[in-house]
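Two complexes follow with subunit A in common, the first pairing it with subunit B and the second with subunit C.
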Partner chain A sequence: MSSMALRTIDDEWYQSVNPVNELVRSSIKPVVVTRPQLSSPSVVHRSSWARPTVDRLIAIAPLRDNWDQRGSAAVRADVLSFAWQLLVQIMPEDGAAPVAVPLGNGGIQLEWSSNRGDLEIEIARPFEISALFFQQRNGDEVEIPIQTETWDQLAEVIRENFRS
Partner chain B sequence: MPSAPPRDANGKITPHDHPEILDDDYVLRHIVPPHDLHPDPEKKMTRVSSGAYSESSDGGMSVDILRWMAEDGLNAEHYLADETVGATRIQVRSLRAMGLKVGWDPDGGHPHHGAVWGIKQTHRRKIAKLAVTVRKAEGET
Partner chain C sequence: MINGRPADLPEFGAPPLTEVAIGAQFDVIPGFMTPHLGLVWQPFRDQFPLLEEASALPPVFETFGSNPQFVPGISFQLSMAPEAPRVFFINQARSELLQVQRDRFLHNWRKVGQADNYPRFERMLDTFTSSFATFSKTISAAGLGPIIPNQCEVTYINQMPVPPGSNLSDLTDDLFGQHTGSLALGDLGKPEDLRFLLRYVMRDAEGKPIGRLIASAEPARRADGQTIVQLTLTARGRPSSPDEKGIVDFLKRGRISVVKGFAHLTGPKMHKLWERTQ
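On to the complex of A and B.
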């Protein structure tokens, strides 16, 4: 078949499957781009915080409803999974391992403590987090809310205040 | 018998300030080890985490109403599950000053059971600092 004939067939095919009205009906949808990891899996495995953190998360995973006889809900598995994903993203290799405390609503609180202050990250549901940094300044404690729409500030607070 | 707590259409107790829980009263929070505790190797201590002062998913932070217990001849540690469980007491005035509600919740297990409603993350740290140890939890230093 001649090249002219092939081009004609291509053109006809293009016109038949891509009419202008198809393009008009197309719409733009946001594409979710996975946030790049700050710590690659190999770095996590070399870190000093990973093992004790996994141990702490595993320790609270089996807690069921009313585990404390105070009416607390069971610790949510999706919260634990999300907490790990969060930590992989924000922790430096030499970061201090957090303490994981179960909350009454089934969420958890990740906590760090140093002479510079305390950081508390509450995770109620996946992606439903809030964070407060209690900074020590000249003997007084100042409460600083940390924005959590992105995790950059969290990473910065940990990097500056909670390293092993 | 205290006045009945308010309930919704489903019979569930709603957040309230009970008039017979006075500002000068104290409520007792059970501290359950090890999960309520924060080990701090740098400061060489294990303290009560602020997370111990969170509300349950049903609503309200569970507490015991100490004066009512005393009036019925019960000591402060009466409802603690076992010897490993610790307890702290917080003055009702301090909680209400934060905008929290302190009410009666007899549905929560016993007639001296109360609840604190409205606790957000920022309140928990403040409550933890106001709380006075009545009995240390196992492992608490």
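On to the complex of A and C.
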């Protein structure tokens, strides 16, 4: 894996994260609707965490098999894509950017740290996620497993503890 | 045939389908490299003797978090170099194909000539399941695997041409008028044309989200110059279990959502034209 792209969508009239025609060859051309002549887009936000997070994911994406000389697997592209989608759906606009750490099995770990505690989300493969919140309480650290079957609790922990 | 048609499913004698795709996305198969595609083709080459190459499809996931899925201001794309290709194994009539890449296995039917009739979902599912079993066996024999499915997808593409003497506005009205009739403005009348993207959440028996039905419509111009409205319905989501049974269960369920969605979104005048029987 040696090339990555960061694409802004400001100039597109509309977009969806998942194009609907994923599987098929298209033999048609959509009728183009020209974007209205407006000033700077007013509805496209710039999340503070997005750019540094992409930079971090790009930094670990090229790691190949045995990148640590201990036999670790290459970082998986599908895990990186899944991690990005997870973040998009749980991060508040002013959320703190996580640190992305490669794991030995091709997965990654996302980490946040603040004076309220530390959060670790481990993504071993798409849809295989575990998360722990190490909360600071009166000088003690309390380990709280976070439910990941749905992502509501993850979003809540980040919203309450890890804002930039 | 491994599946029967659900009795209550809307049925059309002459649906406006031009392409149907069913398949699965799985975790990247460790060690799978471009030469393995040749091994995979061997058991299929009699039935699908023609080959084409295409760019690999990026991984796609239907996920469910607090933020709407369409929110991001930056999309993240990874491309691979050297890029692992996607290969089409195509039948002699060029109407059916298998698509293979290191994290996808798909089966398409496409209307090539006017006389081509949709072979129906049940037959496509038979072809998909037997081909997927052959693919799995080949991967295993090559010492690769396991194949761990993570998403499944059913896509129906319908193309409706503007009839001679009519226009896009009238066709749009015939197709979607029962929903969009109230969009006519007092001073300007009906919209000249229409495009939409609708997303519905699919849930399991416990109410947990498992996927989405995505319906989109837009005016378009076909390669032969004909103006059409293209209506695409896709059901995509997680298999109930990471195996062939889980894939088949989702595909069957996705097909039901697609067909019911199509019947609901389109109007009775077009249903008559498409010979709706129930």
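Quick note on the criterion: the second predicted complex is superposed on the first by the 119 of 164 C-alpha atoms of A that agree within 3 Å, B and C clash if a C-alpha of one lies under 4 Å from a C-alpha of the other, contacts with A are read in each partner's own complex, and residues count from 1 in each chain.
Everything below uses one rule, namely that contacts are C-beta pairs under 8 Å (C-beta built on N, C-alpha and C of every residue); 3 or more make two chains touch, one makes a residue touch a chain.
All figures in this text were calculated on a predicted structure; none of them were measured in a lab.
S.K.: Going by the contact rule set out at the top, does A:V88 touch subunit B (first), subunit C (second), both, or neither?
M.R.: It touches subunit C, and subunit B stays clear.
S.K.: For A:G71, using the defined touch cut-off, is the partner it touches subunit B, subunit C, both, or neither? Pick first, second, both or neither.
M.R.: First partner only, subunit B.
S.K.: Look at the residues of subunit A and decide whether subunit B or subunit C touches more of them.
M.R.: C
S.K.: Looking at A:T150, would you say it contacts subunit B, subunit C, both, or neither? Reply first, second, both or neither.
M.R.: second
S.K.: Output check: A:E111 vs subunit B and subunit C. Expected answer is one of first, second, both, neither. What do you get?
M.R.: It touches subunit B, and subunit C stays clear.
S.K.: Looking at the overlay, does A:A50 come into contact with subunit B only (first), subunit C only (second), both, or neither?
M.R.: second
S.K.: Determine, under the contact definition given at the top, whether A:S130 touches first (subunit B), second (subunit C), both, or neither.
M.R.: Only subunit B is touched by A:S130; subunit C is not.
S.K.: In the superposed arrangement, does A:S164 touch subunit B (first), subunit C (second), both or neither?
M.R.: neither
S.K.: Have a look at where A:A61 lands relative to subunit B and subunit C in the superposition and call it first, second, both or neither.
M.R.: A:A61 sits against subunit C, while subunit B stays out of touch.
S.K.: If you lay the two complexes on top of each other, which residues of subunit A touch subunit B in one and subunit C in the other?
M.R.: 73
S.K.: Considering only the defined contacts, which subunit B positions touch subunit A in the complex?
M.R.: Spelled out, the residues of subunit B in touch with subunit A are 30, 32, 34-36, 38-40, 42-43, 49-52, 54-58, 61-62, 81, 108, 121-122, 125.
S.K.: With touch defined as at the start, can you tell me which subunit A residues reach subunit B in the complex?
M.R.: 59-60, 63, 67-73, 99, 101-106, 108-109, 111, 113-115, 120, 122, 130, 132, 134, 143
S.K.: Can you name the residues of subunit C that touch subunit A in the complex?
M.R.: Interface residues on subunit C, with respect to subunit A: 19, 21, 23, 27-28, 30, 54, 57-67, 69-81, 99, 103, 106, 108, 110, 148, 150-151, 153, 155, 157, 159, 193, 195, 197, 199, 208-209, 214, 216, 218-223, 228, 230, 232, 234, 236, 238.
S.K.: So in the complex, which bits of subunit A are touching subunit C?
M.R.: For this pair, the touching residues of subunit A are 1-10, 14-18, 20-25, 27-31, 33, 44-47, 50-51, 54, 57, 61, 73, 76-78, 80-82, 84-86, 88-91, 125-127, 149-152, 154-155.
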